[in-house]
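Presented sequentially are two complexes of chain A, the first with chain B as partner and the second with chain C.
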Partner chain A sequence: MTGKTGKIISGLVLLAALLLLPHLLQYHHQDLLIFLTINVLVVASYRIVTLTGEWSLIHAVMMGVGGYTATLAFKQFELGMWFTLPLAGIVAAAIAALLCFPLFRMTQFYFLIGSFAAGEAIRLCWIQFVNPFGGTGGLSGVEPPLIGNIDFLEPVPYYYLTLVVVGMCLFILHRIEKSRIGLILHSVHWNSPLAESVGVDTWRYRALAFIIGSFFVGVAGGLKVHYLGTITPNQFGVGFMVFILIWVIVGGYNRFYGPVIGVVVLTLFDESIRSLEELRPAIYGAVLIASILFLPQGLESIPTRIRRLFSRKPENDSSPSNK
Partner chain B sequence: MELVIQSIINGLIQGGFFALFAVGLVLIFGVMGVVNFAHGELVMIGAYTIWLVHAQYGFPYLPTLLLAIVLVMGIGLLMERFLFRPTRSDPLAGLICSIGVLFILQVVATLIGGDGPSKQVPPPLDGTLVVLEFIRIPYQRLFGLGVSALALLTLWYFLTRTRLGWALRAVALDREAAALQGININVISFIAIGVGAGLAGLAGGLMAPLTNINPHMGHNVIITAFIVTIVGGVGSLSGAVYAAIIYALFHTFVTVYLGGTVATICGLILMVLVLIVRPTGIMGVRVSE
Partner chain C sequence: MTILKIDRVTKQFGGLTALDQVSFAVEAGEIRGLIGPNGAGKSTMFKNIAGFYAPTSGDILYQGQSICGQKPHSIAELGIVRTFQETTLFQELTVFENVLVGCHKRARSNLFNAIFRLDRERQQMAADKVIEVLEFMGLSDRREQLASELPLGSQRALAISVALASEPSLLLMDEPFAGMNPEETNHMMDLTRKVRESGITIVLVEHDMKAVMGLCNYLTVLNFGKLLAEGTPDEIRNNDRVIEAYLGGAK
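Take a look at the complex of A and B:
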């Protein structure tokens, strides 16, 4: 893009497209659009966790923590969505803060497995303790908010609501990444001993990234349950976690917008192979393997690759490659 | 009292199965540095082979068991050649690839057996060993325990008494140093994943008549394998065997008294505790950087 004006123009075009989009779609696709918007927040918040180089497998469960918080706050205390959403984020962040103490004693492989175990334990608790979590069947009866006489049960108004909330969250996440904190998170990933030697408490920053990521995915969980109306433990199982991983990896995790591209493209792709029904997971698996083998930097690296192809100049890879 | 003794025996038999697939996971992780998330699905494919070839087409059990081992071994070798070898420099990429395989194998199982209710295989060995009137062990379980023990002993002999076994352990200790000694890393990786996957196939084949077979049975298997691996100490084969037995006893008892879900929650908490208190596991050794 050429300079600032170009960016502003493309931003406005994108905004107009996002606002017009639901009116061009059928009911079923409007539904899907809402979940896609929520999933954008899920992957963007996951990215901040992965910035420090740790791949957690608890992110899906954290979304569930937010969802269950919003559900219980709504049903037990009759709080409206304006309270349940921040509360969902805060509770998810608080649980993440508690989990930091055991989990961040580990790194790499151990962290991966540890976070997986902690997440499964939380998820199994939802199944085990029927009161208050409702067991395998989960809970239902959560309603969207009331503002004047707008019916948020309809997908289009709820989509705009989601768009506003997710847009705000993405803006904050982007600001965090571009801030000093974001730079420190990068430094923790790429050269942890060096970062420590200049006085960065790596433990604190890894924990901070984890807590921030959990807060925003908790909000995403709240958004989802207020639209869907029901929540079950199986929505947040390994299956969903794997989808988050796929979206982030296929999209590419070197830039902020990589995971967002991943979730949008793969959701469209998923829609286009809907007729294949039971073969879908296998196709997903094949796409995942192919992207790891042939496009390790993700979809976001395609423009760079094409540019390089035409310039024919052997330049060094400027984006941070895999360790 | 009777329940206690019966539970101990059931726990030991369960431990034999746990050890079979956990040892395979440890072997693959130790030698290749890859967490094979599809390990549970390898077990599942082993069980499906028994269901399809033995229960559906009436092929005798023992040759089918052999077929299951060879088939799963083949899948393992293909994974190593086409997925893990190209991504060897990046352990995360290997893990993600194995997740892709997991999806594909689940769909294969669904295509073969349909998405209906779980499948059962009638035990090929009838009858029950009754000891002291109140302890009842079906011969099928006894057979499973015997075969697992035999397989683990063979593996132990291979790793500690043969040159190839030494080479394999050398690669697990330090890949570069082993390569400098003239050990072919690619061959050793093939052997590691072949043995690991073969054991998973064997475990699946042995468990097939004793469990519900469905495309998603791998999920519990991989959780169990992770718990056993961590508790035993990552990279420690003997640790994995001890941990498998301990965890199986623990799991059996908690299941009997408090139910299966609580048992798994307790297992996961146990694993996190081990990671905090003693990250090297019960048999692991601290390795300096």
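Take a look at the complex of A and C:
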């Protein structure tokens, strides 16, 4: 079997599994599956921001920007989901574009703190401006779309809808990463003075990555609010941002699918320790520390490690992600 | 034809004057050596030309046009490309990918083209250019290796390949022979001549006097931020002020 047919077959198996999955689950778990699918988009879009080497703390808030945009577009202008979703992405991207000017004067640690501050400022706006954002209580009454007589309030149809949207977004993100633009984002990360010396406008590429990431997380926010029906500022606080970071770090950020593995595995893990309610933060902390100590390349490096155990020829672990 | 003209450039860092009213001109097609004792301002001059610093006063003209105060990436686009003092590469990328990044002028893509893969032809042209450059620099058989796995001599050759891929007309080389053994130095000198023969003007900062004297057809000597002397290698070798600056001669 050649590599290509192998890839096609495993792709088809994965697709079949994804399509069958909701029918094997209980109602509560179907709910969870939808949020998991949305979170896959959240971490995959975060990855493109981290490609340039910048770890922002505003990603969760950008998801909220998308969510609020979709909510207001739905409630005030009675737009359907086909308009609110792209709009959610566009508004998040536009706000990201504005934030580029102050934020990308900073790098590394300062950028991290700066992005956190900018995010909190946006979140405070949602709390302070009760009209139109609804204050701490947020907004409610957002509905999923109607297509013919399919009721998207039910988890299974909405799951399929989410799957299609997230699948399309992942495809685009993957295309970007494998393109010339992806290569340049890597080069900005690994040696920005050298990139600059051959004519790469590093500021523009950092901004571009940030804007693309914000667009797709905005779409994710729209998807979430249309299913949940309500939105509050606290959904997008530091807590959720920390989860995004843990998913990405535990999954590994050297390859495209690393963060996706991270969010899937940790969500399953989270379900399995549901009974230990008050111990969960401690367990998460332990998982993060353990993964940094023992699996610094993340879960995605496990296959490589196993292969190396069995083969004589050492493989290079730090190979770049655009392979 | 004058390709680069430095016109009374001064660079101050607070109270320290790193460059003081330095003027010189580089002719197209030459290999110009910029030498001087430690702290003479050679690297500062390079950074000013390449746009990493802006001069405090004075002007820098490239093909008759002022490039003062422009960003490094715009200057690179005009055709002035620098290599770095230490071996500066994308260590985590392969040799091929390193040079591919260098092809930025040729291969730049926009988001739309990237998503729908509309510029395949352009990307193919860039890949062809990479192969051509690797061939030229004698790195063809190493193209799939990671940059970090190369020996020092090949890393330097790769650094020049990255610069060449961006199709410069003026190449600034910052200490290309530092840390090399005589054999590697000889190889690098041959490569440098080859680059010049392909029509690229070269300015290099270097401490290895043997290499500089053998390679450059004209030298500019800086000392304490000031222009000390200019001339052919033979003239410089016998210039009393230069000897004094280097050996701290008796008064």
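One rule holds for everything that comes next: the second predicted complex is superposed on the first by the 310 of 323 C-alpha atoms of A that agree within 3 Å, B and C clash if a C-alpha of one lies under 4 Å from a C-alpha of the other, contacts with A are read in each partner's own complex, and residues count from 1 in each chain.
One rule holds for everything that comes next: a contact is a pair of C-beta atoms (placed from the backbone, for glycine too) under 8 Å apart; a residue touches a chain by one contact, two chains touch by 3 or more.
Being a predicted model, the structure only gives us computed values, none of them experimental.
By the touch criterion defined above, A:Ile249 lies against chain B but remains apart from chain C after alignment on the C-alpha atoms of chain A. Applying the stated contact rule after C-alpha superposition, one finds that A:His28 touches neither chain B nor chain C. Between chain B and chain C, B touches the greater number of residues of chain A. By the touch criterion defined above, A:Arg175 reaches chain C but does not reach chain B.
In the superposed model, A:Leu183 lies in contact with chain C only, and not with chain B.
With both structures placed on the common chain, the touch criterion links A:Ala286 to chain B but leaves chain C unconnected.
Look at A:Lys7: by the touch rule set out above, it reaches neither chain B nor chain C. Contacts of A:Phe109 after superposition: chain B is touched, whereas chain C is not reached.
When the two complexes are overlaid on their common chain A, residue A:Pro193 makes contact with chain C while staying clear of chain B. Shared contact residues of chain A, touching chain B in one structure and chain C in the other: 322. Against chain A, in their complex, chain C makes its touches with residues 50, 52, 71-73, 76-77, 81-84, 88-94, 97, 100-102, 104-105, 107-109, 111, 113-115, 117, 119, 123, 126, 146, 162-163, 165-166. Remark: chain A residues 55, 102, 105-106, 109-110, 112-114, 116-118, 120-121, 124-125, 127-128, 238, 242, 245-246, 249, 278-279, 281-282, 284-289, 292-293, 296, 322-323 touch chain B in the complex.
The touching residues of chain A, counted against chain C in their complex, run 172, 175-176, 179-184, 186-187, 190-191, 193-202, 208, 212, 316, 318-320, 322.
Listed in rising order, the residues of chain B touching chain A in the complex are 29, 35, 83, 86-87, 89-93, 95-97, 99-104, 106-108, 110-111, 115, 219, 223, 226-227, 229-230, 234, 259, 261-262, 264-265, 268-269, 271-272, 275-276, 279.
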